[in-house]
């Protein structure tokens, strides 16, 4: 591999090894090798970054502005921390409509207000026509870890319960649908939402909340693999317990795509101590963005990520490799 | 203006008003409206971000990797703060050579080591061929303000002394030279360097160090205008005191460019209490990156940014507008 | 849901002779479904499901893949189903060509590719026609439409293959299959009578099956029931008629004619492929761009896709399976395509 | 450094009659230099330096700018000096066209533009030829080279203007200039004898000056010295010969012939422009692309560039100066070009 | 091979139909299923309807599956 | 108008010269200054040498400026 492929950014196993080999090994430090959504620094400060390159920029249910705020708010939240401050850095293609920037900035501000965070520092670059695709946004974020919190991808133990906070694949399919010209009626909306309020409530359960992860690129499947790998456990989930919208399911069968591979931008996967599973579920269901939360499985010691099908059979969950493409066979 | 122009990102007055109108007004909060290189947050935390889109990626004296670390290290330093942790987020064009990424990452790590900071969190996106220009890097950074520091662009008072930490325009001309196919022999090298160690020593002077600013896009001229504007003062500089390399001067006359408009990536402009001016100068000159430091002028109450020419006449300093272009007339 | 499975198992047990029985699922989507639903777990030990040559990506010969890749190097826009993107040629793949800046575009439907060509008259668009009878009519449709609308910058590189002759080659080549799970969507076009030769000449029966777990299990039961007295039956009656889709068949007949084709694993099989008729020759990319297949090579060194496709070995038996060859670094197409047998076995842990 | 200035002032005082004296610096680079060096501060009150029509961007008529902009809309690659990029046409500018996706490329030398055309044979490259005699030979060179090398995708939109006739028009139109600071680099090509008519017909002297502060001050002293007895002299002897650069003049003569030209402010002046000779007509973008100048409009409403260029008003006297019209939002080209008088006065606070 | 999904025809416009399933809408070529009517289900492959789903058989299939389930449940009681 | 800067010719290769000033190197067309020699200074505009700088006159200019400075200094003493 001498050239970067789309698959290296697709959120699957190719991306994981690319990142490990190229970045983690070289930058090699105790914080980065946490392999978490956000780094936990001295003084309980939590720090994360993400660049947003979504296409189209305006998609059903959201836009790159809302996405760029939620992405970072959520990555901080996935450490159990409370996000406080965001940076915003724009790379804009020459000729990009100023009105679109205003719409995006409005959306960022609205979302930041909703999440209760502030955008406190920024940067703007303009690149030549055809040197970027409209606009790219980077946000970085700072948050603070509450007392008693101990959330880490390495915390999973056999017996722990796996919960997902709502329907799977809405964002990924909304965006792919927009790109492939698929109409949904009623429209299928991206779930893009800030999850920090939900997490704040969850953190009342303190260290019973063991792992939080937002299943963005690579979807729920990739998150499960990362948990199994980093916690050195297995995971078993149940097909009939997975909350998935019927239209997302239909679109997936049409395009030959596994909904467990679809990105989510307003969902989290949570691993909790089994004694607190129903309490956690209740907290999620009480939240605006957690109505469809469901217990989907449990940690085991198999070392594998398996699914019990609706037929009662068991199989391995397919791990995403790279780029999601519509298929005909 | 309904479309974004190159000039909106050129670091001059068009960019300033673009940023104020589009971003600052909308996000409107006490931190962002500080209009500093970095935001000062509660708990003496300092936070900043920058995206790097330099072309060519590898230029005489540096590369986008070193630049991306220095840019953020320096922005934090320009608050008088000590940079500690950086994020790194990559937007990579499909097909980009993996070896080039490795070179860039090596350079980032070397520079981070030199500056004594750690890259603790990251992100990687791959975009389709022709949707980006090779690679874009965002870094955000966190630092901590030392006790007694009180550095702000609003601090300038008539009588204060203006110092620049070395020769002006090296980075801008090294990059432009590479783009326009101008050879320098010996090569003209970008000055791209981390200035945090120099600033750390300067901060021994505590609040005698009033303003620090790195003259990147828009050059020294733009920084002087920003200081004059934000501190509500005037500035007078002296042409014969400006440290500028002869080859940079020659290249500027050839291309019809004002060296005060050229970007620097390893220089700072410092405003100090006049009683500490020589002490500050001495500290800078003792530093590896400050050998050519020079007092270039002083704050006055004219409200103007003026220069006394080598002929003893006075004129206004030309404020950069936007894109720097070679001219023939 | 689980009840019907148990009930199916009861019926299977009822008709199970206990003798070792090999049933081949011809169709890649069946391979996928069987793995995804974990249906092998339900079957008694003596009944083995063998994967057949029904993954269109997998059976495409290596020299054809290389020809597609070299076409991408000629300033032509390659329009393709997503399935082909990662398939390794000898030195490259379409995804690597795209990364080098070659124009490779993924379409869900050949109709979209034609539309794209129409909207971009300055580009020369070649659609890579892979697939069996299910896909062939939709490609035929684009050729007819391009002809009618006089669209000059669209053509098809026809790598299509057809099912009956391949099945016959398989049987002749001495596979010991005792029953076929016949492809549902191919048969929606072809109808089921094309399989009659299996019974008439070779005394092997088969059932045209749907793709739900129930469909497949019932089809297996039907095969077992008729083991003594082999027949061609349709389980997937809601979609497949005995006579197939006569309109679609007419369309295929109009645009294409039979030709020989080389299958990965099975080699050259007379009359098992299609070529574009002379009337439409300006839409035949092979003629338009004088495509020479780069070599006679059919397989990549070490890869045993061919044997897998013929049901001679199961994916596990390939020495590279799961070691040098994984979905991330596939060596053969059977590991790339989602419905390739090796991929299905690897992904779903079978 | 400052000593030489004081010494120059002493000499100026020595030759200063005390009467009001108007000296026009014809050349934009002189305007720039005078502002950058703050030389007006050195002159006694009665001596006024007036800026003339020597900024090539500024004198380009509005309809020519619009023609360039509309050319950008036709899929043509516009190759231009950086100077033109921000000049406002009636509705757009090259920088805005570029933002819309039009192909506008900045070159430091016309030779680079020709090289670009040669390297990109699929693009149609039009170089926008602006400038006076200094620039004209370098553009002529590209046309000859394109001709020799048979480069077919390069042409020049010739908006070049020449100096002598414009100066004469200025004098005829009743400006009260008493001496000219004559352009140094134009004269390096043309030589100084072309200015003799100023003395012979109009009794106005002039000095061909260099661009250092010293050059300009000494040139002013020379003008003052000869006020009674006007002459054409060369101060910038190290670069300018009386006969100019005969090779360059020959080249210009070979590629171009005289034509009428419309100057912003000065209007149509017979014989003050150039057109490409018939031998090279395939390199004449005006013919190649049938460029129609969109209108007869010479100036933008409200902008008084014309009067500024003729020395009738100083930039301050334009009601828009510094208010509606600034370098960030320029209304006329005199505010865009770095050496436009309005820009020089604004930037350097004069 | 050959992923195909059932979709309900909700609008017909010449050779193109609008289909719907679970709120999923598509424009689909129906030139290969000329007899199709609004309300019919069609199997769609790569943007082309390749077969009209026979409603009665489909219901029979469902019934058969149901029966099998019930048979099992009874046998277990 | 017409920015031009002096450059020293360090290499000649047909119609193209390499010039140098303060370490700044350029490739410049010399087809308009046919008599140019290595070591000459040329005025360069837009990549083309338009004139050979006359060394003697240049030195005279410098001398004149020097003299003016000195004259002033003396007159002030």
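Odds and ends about this structure:
Letters A, B, C, D, E and F mark the chains in the order given here, with residues in each chain numbered from 1 onward.
Here, contacts are C-beta pairs under 8 Å (C-beta built on N, C-alpha and C of every residue); 3 or more make two chains touch, one makes a residue touch a chain.
Predicted, not measured: the structure shown is a model, and the values here were computed from it.
The minimum number of touch steps separating subunit A from subunit E is 1. Note on connectivity: the fewest steps through touching chains from subunit B to subunit C is 1. Shared contact partners of subunit C and subunit F are B.
Most remote chain with respect to subunit D, judged by CA-atom centres, is E.
By number of C-beta pairs in contact, the leading pair of chains is A-B. Using CA-based centroids throughout, the chain positioned farthest away from subunit F is E. Averaging C-alpha coordinates per chain places the centre of subunit D 76 Å away from that of subunit E. A straight line joining the Cα centres of subunit C and subunit E is 22 Å long.
The centroid of the Cα atoms in subunit A and the matching centroid in subunit D are 60 Å apart.
Look at where the CA atoms of subunit E average out and do the same for subunit F: the two points lie 85 Å apart.
Shown for subunit E are the residues in touch with two or more other chains, namely 1-3, 45-46.
Those residues of subunit C in touch with two or more other chains are numbered 28-29, 55-56, 81, 98-100, 108, 131, 135, 339. Touching two or more other chains at once are residues 3-7, 94-95, 130, 256, 327-329 of subunit B. Pairwise chain contacts in this structure: A-B, A-C, A-D, A-E, B-C, B-D, B-F, C-E, D-F. Taken in their complex, subunit C has these residues touching subunit A: 1-2, 5, 28-29, 35-39, 41-42, 55-57, 81-83, 85-86, 95-96, 98-100, 106, 108, 131, 135, 213, 327-328, 337-339, 347-350. Those residues of subunit D that touch subunit A in the shared complex are 98-101.
Remark: subunit C residues 3-4, 6-8, 10-11, 27-29, 54-56, 81, 108-112, 131-132, 134-135, 137-138, 141, 183, 185-186, 188-189, 210, 214-215, 218, 237-241, 245, 247-248, 251, 339 touch subunit E in the complex.
Subunit B contributes residues 3-7, 13-14, 17, 180, 240, 255-256, 304, 306, 309-316, 318-319, 321-323, 325-329 to its touches with subunit D in the complex. Only residues 1-10, 15, 18-19, 22-23, 26-27, 29, 31-32, 38-39, 41, 43, 45, 47-53, 84-85, 87-99, 101-102, 105-106, 108-109, 112, 118-128, 130-133, 136, 138, 140, 142 of subunit A touch subunit B when the two sit together in their complex.
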